[in-house]
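Chain nomenclature is as follows: A, B and C, assigned in order of appearance, with residue numbering initiated at 1 for each chain independently.
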Amino acid sequence: MTESLLMAAIIILTLGAIFSLKDHRIGFAASVVSILLAFASLTSETYFFGFFVIAIGVLNLITLFISENQIKGIDYAITAMLIFATILVIQTENFAVLIGTFVLVSVPTYILVMLSDREAKLDVGIKYITFMVFATIIFIIGAFLVVYFYKEMNPSIYIIGYVLLVLGLGLEVGIAPLHEWVPDVFSAADPIPISIIASIAKIVPFIVAFKILIATTNPVTYSITMFAAFLAVLSMFTGNIGALTSRELGRVLGYSTVANMGYILATFVAIVKPEFIYLAISGALLQLFANSAGKIGFFTAIKKEGVSAPFTYTLALSFIGIPPLMGFWSKLFITLALVYSGYVWLAVLLVINSAISVPYYIRLARELGKGWGYGIANIVGLIAVLITVITFYPPDWFVQSVKFIIETFGVAL
Amino acid sequence: MTEILQFAILFLTPVISSLPIALAWIYKPGEEWARKLPYLSVFGLFVSLVISLNILFNFEEGFYSYPWIEDFNINFVFVVDYLSKYMGVLTALIAFLIGVYGLEYMKDDYRLGWYWFFFNTFTASMLLVVYSDNLFTLLIGWEGLGIASWGLIGHWFRDDDDITFVGEKGRKVGPLEMSWSPSFGGWRAISTIRFGDMPMLFAIAAIYALTGSLDIHAIPWEDLFVKIGLVGTVILLFLFLLGPFTKSAQLPFSEWLMTAMTGPTTVSALLHSATMVAAGTYLFMRLTWYIKPWEAHVPGLEAIYLLVLFLGLFSALYGASVALGLRERKVLLAASTMSSLGLMFASSAASFWVGEIAVIVAFWYLIVHAFAKASLFLVAGHLIHATHDRFCSGNLVFSRKMKVAFAVTIVATISLAGIPPFTAYWVKSGMDGVMEHLMEEGLSLPFYLLVLVSVIYSAFLAKFLSLNFIKGEYPHHEHTEGGGLMKLAYSAMVSMLIVLLAIILLQREEHAAHFLEEGYLKMSLYVGLLVTASYFITLYKPTSKLKIGVIFTDRMYLPFLNDFIVPKIGWGIAAIVDALNRAIDFFFHTAIPGFFDRLSIAIRSIQSGYLKSYVKIVAASIMLFLVIFSLVGW
Amino acid sequence: MIVYLLLPIIASLLAPFLKPKKATHLISLSFLIPFFAACFELFNFTTTEIPLLSFSPPIGEFYVLIDPISSAFGLTVCMVSAMVGYYSFPYMLHRFEEMGLGENEYRKYIVIYGLYAASMLWLVYSGNFIMLYIFLEISLITSFLLIYMYGYGNRRWVGLLYFIWTNVAGVLTLIGFIVIAMDNSTLAIKGISAISMVAWLLIFVGMVIKLPGLGPHIWLPWAHAEAPTPVSALLSPLTVGLAGYILLRVYLIDPSFIQAYRNPIMIYAIISSVYAGFAVFKQMDYKRLLAYSTVSQMGYILIGLCLGTYGLIGVVIQYMSHAFGKSILFMTAGGIIASYHGLRDLRKMGGLHEQIPSISNAALLGFMNLGGILAIGMFGEFFILRGVVDVFGFEISTVPLIVAVVFIFILSGWYSFYTLKKIFYGTPKDLERPKISRYLDVPLYLIGILSIIFIFPPLITVLLNGLKAIIGGGT
């Protein structure tokens, strides 16, 4: 059933891509239909996850409407591929498929990053692709090392694997000290494609890493976890402090991504506490969604030179972590997970970081918020805001669903 | 229940009856119809007077209570006993008479709403203090006195009329200018009083914590003192008495009383006779009445009563000497009040050795003093009106135009000085007796101090009379017409002294016999003669060129404490605090953000934009981590 | 009760569709109704819980907690919010004019204002620490926005500064709550039995930043001085004091931390209070001056917290008294600003009673509250002092402590009347007599009258009996 649904979805997507050469709207419609089909493939436990992914995906598709790029029409399909991968990754337990999804969210972005209203941004593309290829390779090597050596009780190789995996992940999503490409690419590329890279493309790598690391937990993991914590702290500080004095808005968002990836990486310390891992993953996922919604909203605002001020302020407050917006709950769950795992100091540093981040988020909100308005950018803003305010009803439901999800979390080895 | 209702009316009527004018003055100041409203306020005072008389004649002695916070044992408890029933009438009567006087004295004032509201609140608060047995109920009245006195002393807040100032403008002693404005007077009064009230509040809270009761009569005083021991007793009572000391302007808290003369004269009259300053001594008497130190010989008590005795006597001496040197009508009287209050404290304190009679003597002295001092102040007010001068001036020519005032002053001074056989003589004789009794306890100093104070006291009263009516300069201004209500008021006031004299001579009161008996003693007579001599000598020669006079005029430089030492210390600390604030502010709001800014620029400086340098960084970091982990492990 | 609590929220959402004047009345009325409801609860000694939502551990149940403590805080919040609401109407229109904004801006303002006040109201009725934290942050955001948009001076910088400090405070507290959740697997107040030292420490530090104590206090003068005055009149009287409320709630569950570190906390609180008291004298900006006085008064709350049963009663009363007094005073500051084009400099004031007697008299009422003179604060001071004796005993060794606490109260009286003299009395300056809108003075008197009638039965009786039922004390 699942497979046939996915197959159907891919066929529709392909057809849509072909016909989109005639009218790009066909490509859009086909993409939407296909991801809805993909959604239908989900089990009831993963509905909430799927719901957010689809919401963010659709939002990405809508933003593409704004952009006039070289491959108009195909771009929808490429984005839909990312969404597929994201829906697939939550369901699979197969190691090869996991690696596959990782590649699947990586490669399409190579094209996306070069898109632009005028001419393809090759220099940006080169910078991005260089690091992505590098990241993918390191990640995969790390994943193999971890998976094949955790049972051998060969701590040194397991540790090398763990380090490579985390570093690969860090390079892929932009975690300090491997974040150099992020601010440059985020400020130089076209805002719309980069909003896709900054949102939906970030989810899969973390889930893959989580699944692999959870499946390979062994006594050595307890000690090496500190490495993730160290990178997380470094990334938080680099991102937040770097953003403070940046003037280009794209660059600010780049640094903000670095910081947010740090927050999420911090949840890796909970991997050694199976009983609280659901909190860590709830926090990480919500943080990813909140980050995605916010990034899409802000990048669209950059593209259109401003959206309604209430939207930008809401998104900024969500980033800062003000209840009851989604950004609050995500940080709450992350903090809970950290405290439960015995990393109170990390939790405190996280708090300090959220304080440091206040000025630049507010600045973003102010510079991008322009009174009240209508138009497609505002629709995007509205949907993004709706995603972040959905947690007005405290997201206990999400946590419950995550509890079910992680029961099937793992890698069949 | 009807008794409680009467008490409620007694306290509330003055306040409520002054609300109309207060409101009128906030929104429509100075309207013609609003200037009629003071009659209503005075009517409120009259109602209080009637009720207080009713309490005197028709209430049984005892306690009347009404629930307040029963679960915490805090209730409205009112007492009718020897002290309160007379004191209540005294307060209400004097307030009413001064109210009548004020109708004329204040009629053209620019701030009637304020004046009458606080005047009536002042009276009501004093009545509450007088009748309260519960310490918390008393506190409400006590605080009311404080706030109302502040309002009234600073009544002429504009500081624009020299007649409202105290001291001589431009006269400097060291760094201080010896001149004080009304707004300053108000601030100084409330700040001094606050200094005493808060320790007193603490002492009351401590009593509450230690005994669970707040009713003066129900507190097991002796058990309490035994429980907290000698040191505890001394600390507790000392803190408690700081309240009465500041309110009654004992050393070194006397300065506010002098600068309180910036208020309207009616206020001074009320403040100095039956309210405010009397509240301090009255409270001490009331406490003593129930502590019964003559029965409960707890070691700590002796120390405290000794302290009060000497503090009172030295304050009396200080006040009297300073009064000698002062030339401002009201300030002179203010200093004399301080002196009298000292005597009251001293006499009440002597009860530790002498017994209850010492308190009764002090109380009688309070009554005599109240009527006499109120009369003198009212006369002084009239004189200031008539001469437009706050310094003593007036000679026989002038006094012919102010016959009533002249006569009232003579009666009041003679009655107050202790010249036989006038009113105060008998009471002072009682006091002589008390101090003589102390000699038997080995304390001879108090008696000599008392005699000294009495002599000086009589001298400055004579000086007041002489400089204002007999031997002073002829006034620069003259405005002697009118003043009917004022004359009526102070005549009525002074006539009360005659009534008191009659009561003593005709033995219409249980303790009168004691006073007569004491008055007939030889020793008392000698003192009386000394006082009389001093009175007439000063009357003949009211001024002196002695150097020491200047020191007295400058109040023995006590203003330096209030205006120099304490403020310098305070401002010094404030300056340190301010500097610290700046430092903290700089650290958090300049240094730290600056640090983050620099850090931020450093972090961003990696972003050269060159791919090759990025690759180098990334590759190097990955290699670094790998090397570390493969060599070191974890 | 829940209906009454919802009223302000509904009203805030409806208000922007009305004309400013009607919107103002709607908002204020929507707070006055719960005010009477809270009084009613107080009279009935209601202690009850109204369940709202239920969550899996460790969050636990969300419910509305009604007891005499929350009623006391609730009625204070309602009263002040309603009165400041009325006051906002002329003041903010004046402010918009000054900023070159139109009357339409009032719609935005009134929504945020309503939500700000409502969040504080909900905070005191929150029966779950997470719920409480959520309302804490909503109140922070709304007040931040008001400062950021309508403040004075360098308002954006001040807004950010305020945001960062209080956000840190809030989140530290949150982590403390999380630790509690870990130990008790619930955050519903009724379900918590133990609070570990780490949790206490985090909550305490967070709330001391918010309260604020000496050191972190430095944010407060900026925020309170530069906020638009109606916001200052909620911020200082209500918001910061809620930190005291939170500490009180935590204390009632488990007082171990305060008991273990009573002496250092007490000393810190005293130094903080005295320090701020002296700082008041140096301020030349009226609103800054009031802000420092807030720091000093909040020291009382910290002191009260160390003083056992009676100290806690003192904390509740002190909160009310400070709220009443300080809201009046900030509104007088605003009255002067509105009358004299932003006049805030004390050096340019003096003798203002001549021109604006109604505001001057209101200021007197306000300062009487601060000094605890003939207003409810009297009981606060009294119970705090009694607490000193109860907890520390009455011995020679406690004399320095007694002197220190007494001196704090003396100092508050001193700066109160010193300020009054400096601003309102003395030789009048050459200023015209402005026409004062009734909205700018009547609310002040209403608060003042409430604070005075609160010392008499039946109000004080039911308040104290209610507190007795929860906190203890009495005979």
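Rule of thumb we're sticking to: a residue touches a chain if its C-beta (ideal position, glycine included) is under 8 Å from a C-beta of that chain, and two chains touch if they have at least 3 such contacts.
Since this is a predicted model, take the numbers as computed values, not measurements.
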item	value
Between A-B and B-C, the pair with more C-beta contacts	B-C
Chain whose average C-alpha position is farthest from chain B's own	A
Chain with minimal offset from the mean of all protein Cα atoms	C
Rounded Å distance between chain A and chain C, as computed from the means of their C-alpha atoms	42
Distance between the centres, which are taken as Cα means, of chain C and chain B, whole angstrom	34
Centre-to-centre distance between chain B and chain A (centres being mean Cα positions), rounded to whole Å	75
Chain A residues counted as touching two or more neighbouring chains	356
Sites on chain B touched by chain A in the complex	596-597, 599-601, 603-604, 606-607, 609, 611, 614-615, 617-618, 621-622, 625-626, 629-630, 633-634
Residue ranges of chain C in contact with chain B within the complex	161, 215, 218-219, 222, 275, 278-279, 281-282, 310, 351, 353-354, 357-358, 361, 368, 371, 373-374, 378, 381-383, 385-386, 388-390, 394-396, 399, 402, 405-407, 409-410, 413-414, 417-418, 420-421, 424-428, 455-457, 460-461, 464-465, 468, 473-475
Residue ranges of chain C touching chain A (in the complex, touch as defined)	53, 55-56, 58-59, 62, 130, 133-134, 137-138, 140-141, 145, 148, 156, 159-160, 163-164, 167-168, 171-172, 174-175, 178-179, 181-182, 198
Touching residues on chain A, where the partner in the complex is chain C	313, 317, 320-324, 328, 332, 335-336, 339-340, 344, 347-348, 351-352, 354-356, 358-359, 362, 366, 394, 396, 399-400
Complex contact set, residues of chain B against chain C	25-27, 29, 67-73, 136, 139-140, 143-144, 146-147, 150, 154, 157-160, 181, 183-184, 186-187, 190-191, 194-195, 197-199, 201-202, 204-206, 208-210, 212, 228, 231-232, 235-236, 239, 570-571, 573-575, 577-578, 580-581, 584-585, 588-589
